[in-house]
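Single-structure report; data block below.
Order of writing sets the chain letters: A, B, C and D. Residues in each chain are counted from 1.
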Amino acid sequence: MRIEQYQIDQHNDSLLSRHNNHFIFAKEQLAEQGINADDVVKALADFQVAIPSWALGTGGTRFGRFSGVGEPRSLEEKIEDVGLLHALNRSSGSISLHIPWDIPGQAQSIMDLASSVNLKFDAVNSNTFQDQKDQEQSYKFGSLSHVDPKVRKQAVEHNIEVIKYGKELGSKALSIWLSDGSCFPGQSNFVKSFQNTLESLQEIYAALPEDWKVYVEYKAYEPNFYSTVIQDWGSSLLFCQKLGPKADVLVDLGHHLPNANIEQIVATLMMEGRLAGFHFNDSKYGDDDLTVGSIRPYMLFLIFVELVEGMKRAGRASDTYAWMIDASHNVKDPLEDLLQSVEAILLAYAQSLIVDRKKLEQARNENDVVLAQQILQNAFRTDVRPLVRESMRLAGGALDPIALFRNLSVRTELMNERGGLTVATGL
Amino acid sequence: MRIEQYQIDQHNDSLLSRHNNHFIFAKEQLAEQGINADDVVKALADFQVAIPSWALGTGGTRFGRFSGVGEPRSLEEKIEDVGLLHALNRSSGSISLHIPWDIPGQAQSIMDLASSVNLKFDAVNSNTFQDQKDQEQSYKFGSLSHVDPKVRKQAVEHNIEVIKYGKELGSKALSIWLSDGSCFPGQSNFVKSFQNTLESLQEIYAALPEDWKVYVEYKAYEPNFYSTVIQDWGSSLLFCQKLGPKADVLVDLGHHLPNANIEQIVATLMMEGRLAGFHFNDSKYGDDDLTVGSIRPYMLFLIFVELVEGMKRAGRASDTYAWMIDASHNVKDPLEDLLQSVEAILLAYAQSLIVDRKKLEQARNENDVVLAQQILQNAFRTDVRPLVRESMRLAGGALDPIALFRNLSVRTELMNERGGLTVATGL
Amino acid sequence: MRIEQYQIDQHNDSLLSRHNNHFIFAKEQLAEQGINADDVVKALADFQVAIPSWALGTGGTRFGRFSGVGEPRSLEEKIEDVGLLHALNRSSGSISLHIPWDIPGQAQSIMDLASSVNLKFDAVNSNTFQDQKDQEQSYKFGSLSHVDPKVRKQAVEHNIEVIKYGKELGSKALSIWLSDGSCFPGQSNFVKSFQNTLESLQEIYAALPEDWKVYVEYKAYEPNFYSTVIQDWGSSLLFCQKLGPKADVLVDLGHHLPNANIEQIVATLMMEGRLAGFHFNDSKYGDDDLTVGSIRPYMLFLIFVELVEGMKRAGRASDTYAWMIDASHNVKDPLEDLLQSVEAILLAYAQSLIVDRKKLEQARNENDVVLAQQILQNAFRTDVRPLVRESMRLAGGALDPIALFRNLSVRTELMNERGGLTVATGL
Amino acid sequence: MRIEQYQIDQHNDSLLSRHNNHFIFAKEQLAEQGINADDVVKALADFQVAIPSWALGTGGTRFGRFSGVGEPRSLEEKIEDVGLLHALNRSSGSISLHIPWDIPGQAQSIMDLASSVNLKFDAVNSNTFQDQKDQEQSYKFGSLSHVDPKVRKQAVEHNIEVIKYGKELGSKALSIWLSDGSCFPGQSNFVKSFQNTLESLQEIYAALPEDWKVYVEYKAYEPNFYSTVIQDWGSSLLFCQKLGPKADVLVDLGHHLPNANIEQIVATLMMEGRLAGFHFNDSKYGDDDLTVGSIRPYMLFLIFVELVEGMKRAGRASDTYAWMIDASHNVKDPLEDLLQSVEAILLAYAQSLIVDRKKLEQARNENDVVLAQQILQNAFRTDVRPLVRESMRLAGGALDPIALFRNLSVRTELMNERGGLTVATGL
């Protein structure tokens, strides 16, 4: 299924008058503060969020999974799904593949398909946290960190194979999330695990094409419940320092201990020139993988405040970082959930763009804590939805993507095409 | 010092035109959704937040305290301070006293003074977590729960004395925060501590005037770092059930374990008809006592969503609950901090008032999780500041209380009157 | 496979001399403190821990599952497994079934089989957190709390059916863990969810046989990541109060927020006469379901200190409570893991039995915190392993159950009988 | 007051027979496992724990402080106190001073006094988290990270002055705990704060004598409740990397987020050759500063398992690290509390020394998780108190330091000398 431009246009027409009122008000309101709304709208249009191939099906927990309907049965259908999202919001212009769940058969035809729905291929993801059928060595007790060199070798080779697939599709980065760790005190020798992992990563690093990056993700716990080899940003950074300039740290919002100040971590990593990008989601308890912005929208905004400042300081454009959603859709339609997530990201980005940074620095320099807070809250409390909508509209997207998704009965259509009992590969 | 009405009017005049634009837009935006902004404005005006007498000075931590200037030196000056706040925002119409820090000498003159600045006396607070000079028994190892009946007796009598002071001033409730607990495993017999506390509370309860309430606060930890006698809402409720209908549970946002779902606790307590009210503040790590809404504004909003629903279900007006700010101002001017807190409370209340509850229930009944989230987020993302400002303005308050506070150099004025080296009694 | 008594005796003979030395030393050491070791040994023998049928296979996480070998393929083989455990440690004399995973075909033959390996049937567990094949209504959005009365009806009937199965096997309790809750703010009406659940539970309660109990378990989060209907002990107790005297609160160690003081919760529930029993496990981050005692053995001991005191105060024997292990064995042989867990429970129980309670109360009454801590630590630091071993030995069990399990190659034997590719029903 | 050797000897004589029985049993028990108890005893004797000067008085919380009696009124009396501890346990042979609370007037006489009670001077500690009387610049908004270079300069100079005092007393390290951070989002520019701090530290580093070290401590939060400049080990390490080889990371057990795996952090820092040492304490909720080993003794043991392995790997003796207790004694006699803490440290050290590391590595290499756990637990469950007692006895200390402390009425004696109303400088 494809959504045609005329369908989007019709939808927009019906909402345009009200939207224009809202946008004009927002524009005037910002102008009063010396901010040009059109600049914000333009910056928003440049911000593209990758969709991971595994987020297109219904997720589950260790207690079970309640399937949805019409889920994609193949890589082609996953590309179709992301194409639908991108048609609606014009902000989801790439897909991030997971190997071995999404091994592309014919690279060229896959690329053509993606291109036909305006998608690029983002970072490719390896998987050494599950055993695949007919796999020789098991990852039950680790992969890149395993005590047995045969297991490490297999895991290294898998990563190198993932690079190969990525090269064929035009990816420029390998993203590694390593679940290695231990479930019980005593199980692991922390130092040997670190060193085994380092050696494995060095072999993978050596296989990176000239213009590639490797993203090293960290996670405090789960699926190992006592220790994780790459447990926090400090560990990730240590690995990257030892690997070299092509290795950067990937931050997943849900991978921290309770109460962590993630925005400060982001600032530090950007200061060191080592932030690869983000896996966006939200959470209340652990790595809950909820819809972005659904629990702690102010924290999301504060993170974007640092991102915007860090990008400016480094003189880097937003498309030189890897932005991706990494969520699990257990009780929502995956596509609707992704639309909500992308919207939340753009809203936080818009809010951070209208922070009066000059006044903020001045307030900081005078230790005027009340004013500094007020400046941030003023941005956060501003209704920036019209800016996000305008940005999507100008790019050819829908003013209200979820409403259109529902009006067009996209899910029913997909179910009709694919059947009700499909199960997408994924978590 | 007093702020005169003409000063407020002048201030408002200068901002009125812009404010009117914003308010009219908000009104139209809400009208599109079938909501009458004037009803919201009216409800906001009825919402009064008590200021505790101990929040008027600079707070500190166990590591030290960095004084501010011009802090109130007496109960009279504390009333003056709250009067200033109320003049500015018309939403802080009562003061909550702490005994023995604020023992009123001449009740009538204190009442006259309060009345002259339009203040009432909210719940009175006892203190058995510190030793006062010349106190016979020490609270080092507890008060109402103490193993020694003499200490319990002293603590009970103190609470009864607090009721007496409260009666003189027209208070209608005694608020008890009990820090009793233990610092080490083994130190306390949990059951005996509970039972001692219950007996003590029963004696206090017996001394309550006919039309009074007693509020039983809970706290997970601090200043005791292993156990607290009233550690959570379940414990508080158990005490209240055993005490009788005059005892209700008081919720302080900072008194929970990490990640607690406080809004659900609120809903449950209201369902049981046992919510006394709130101590508002915000926090990231523990009982940080930060400015309301400065860390987790969305959670504050979700709590208000429950409050509004609970009040409606119970058919109770907002002024039948005890709303109070309980924060510690370590790096901000206390009065500015309180203005920010009251504003944050009113914003969350306004947002919760514009939730489309009919549609929300419908979405819930259809398990339309996407829509339910959208309905809440729509309210939260709406810029309701014009409504709060309009409400204050109509009540005679300032459109921008902090700006006026600064323009009038209130703190400098107070410093001139009181001196720079004053230290308010407080935490 | 069965373990014969002569095999155990041979094993014990080889270790007896060393064991005797250790036991005699322990006995003398305790005698110096006025404690009769034989009394402790006897009390240990009476403490039986139920094994849940789902703990006999390898567990997994949402990221995957790494199977073990020789896992039980049927209820009969699960009983065989627990029989092996009980033969080894004589402390695992009952099995707790999970419906529908373990529907007994012929009750009498199942009972005969269990009886032949000296097992009883503990509480039966219902499951409304997963959808079963051909189930009419889905539990995707809840069961006993569901907005749709048809779903609630189905869930109630399932629970009543579970009671029926339990009656046939001689169980005396229904254990309900309700995963109902919500993943996103707005999704649920907290009060309606509570009331729906209450009504459902009342129907189940009405179907309880005269001499049965229903255990109401609580859990802070997971698999729902925003709210859980029965989120904490306070909620559980509220339900039990409304249900009646046959309803008690079941505590699972892993179901709390970070840093919770669980021992105080236990004490309070016992004070109220509402503790049903325990689901034992251990955890570092969330509901990690690790081996009992593997992470926080001192906390386990402190819990037992309360259990022992509470049982004494209530005049109830240890076998009037429901003790069960509820763990997930992801990287260990499930049977070895369970042997370690039972041992950890008995060690904590033994330590708590040798606490000098008279001196402890005296120290508490004198606020001698140093001494109170010392009394507890003295018990905890004592090596009570000889007592646990002696208790098992006297009951016919092995001095070193895991060593014997390995020496007899039990797992290999089971694999030979059952095959390597079996997968136990379970989590 | 001094404790004479004959008093210790008399005390030991009365306990010797029982102690010998226990020690002989322990020795035999270890011999069965191929461990020489005398080696452990010897290693214990070499382990000296520094006592901070501020831990000798009663601590408090922000809610108040309940004084003890007979607290030291001067640096001389603090040295007297630590001398008493060391006389009793022979394991507290150094004192760590805090400037400006303990400015030594006459360095030589202070050194003579310390020497007379067998004490050395450990790391000296600077304080830029409080304002001192007549201090020109305030640290209300930070010190080494402050936006104002004048404040930074003052803080740098203070640290250099602390080095000067330390040099006079024979110290070899400066210990910096920086409380700098922010209380509210927006207050600080994270990157500028980092860079200001780095510059300040570089100036201090430049002033270090040839053979000195600087210890950089981190803390997640408190007294700042939104962000801390040096928030975790990753931040500390980053500073140390930029400073140079004389800078190492100091770990305080209470300075982490909930559930942190501290033992892994320790292992990583030792792998990098960057562990300075430890501030020992224990906690349940935050930086509770409780008696070492009173809450999580197994975690303490796991940390020592890493320390022992790390020291062995690095070929460094235990006295080349800085071990210190950093606790707050709110409800216990400070000296008794310190005796309990030192005992807990030595017990954990002893347990970690009897871990069968060869078998452990073998179990790890075979992924025998059950056995690996058993090896650690076997060490932890062994009663090593006789080893610690024997070690103290051989060094001339008491078999039961707290009992002797009480028998000799040390506190009463100190109260008689110093008076009941003294207040030690400290937290």
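In this text, a residue touches a chain if its C-beta (ideal position, glycine included) is under 8 Å from a C-beta of that chain, and two chains touch if they have at least 3 such contacts.
On a predicted model such as this, the values are computed, not experimentally measured, just so you know.
Student: Would you pick out the chains that touch chain A and also touch chain B?
Tutor: Correct list: C, D.
Student: Count the C-beta pairs in contact for B-C and for C-D, then report the pair with the higher count.
Tutor: Most C-beta pairs in contact, of the two: B-C.
Student: Round to the nearest whole Å and give the separation of the Cα centres of chain C and chain D.
Tutor: Chain C and chain D have C-alpha centres separated by 39 Å.
Student: When the centre of a chain is set as the mean of its C-alpha atoms, what distance in Å lies between chain B and chain C?
Tutor: Comparing mean C-alpha positions, chain C is 43 Å from chain B.
Student: Counting only residues that touch at least two other chains, what does the list for chain C look like?
Tutor: Within chain C, residues 140-141, 183-185, 187, 220-221, 226, 258-259, 261, 284-285, 291, 294-295, 298, 331-332, 367, 369, 373 contact more than one other chain.
Student: Which chain D residues qualify as touching chain A in the complex?
Tutor: By the definition above, chain D touches chain A via 140-141, 147, 182-192, 194-195, 220-221, 226-227, 231-235, 237-238, 256-261, 263-264, 267-268, 270-272, 298, 302, 306, 309-310, 313, 360-361, 363-365, 367, 369, 372-373, 375-376.
Student: Within the complex, which stretch of chain C touches chain D?
Tutor: Per the stated touch rule, the residues are 18, 21-22, 25, 28-29, 32, 258-259, 261, 284-285, 291, 293-298, 331-333, 336-337, 340, 347, 367, 369-370, 373-374, 377, 380-383, 385, 402.
Student: In the complex formed with chain D, which residues of chain B make contact?
Tutor: Touching chain D: residues 59-64, 66, 129-131, 138-141, 179, 183-185, 187, 220-223, 225-226, 258, 283-286, 288, 290-291, 294-295, 328, 330-332, 427 of chain B.
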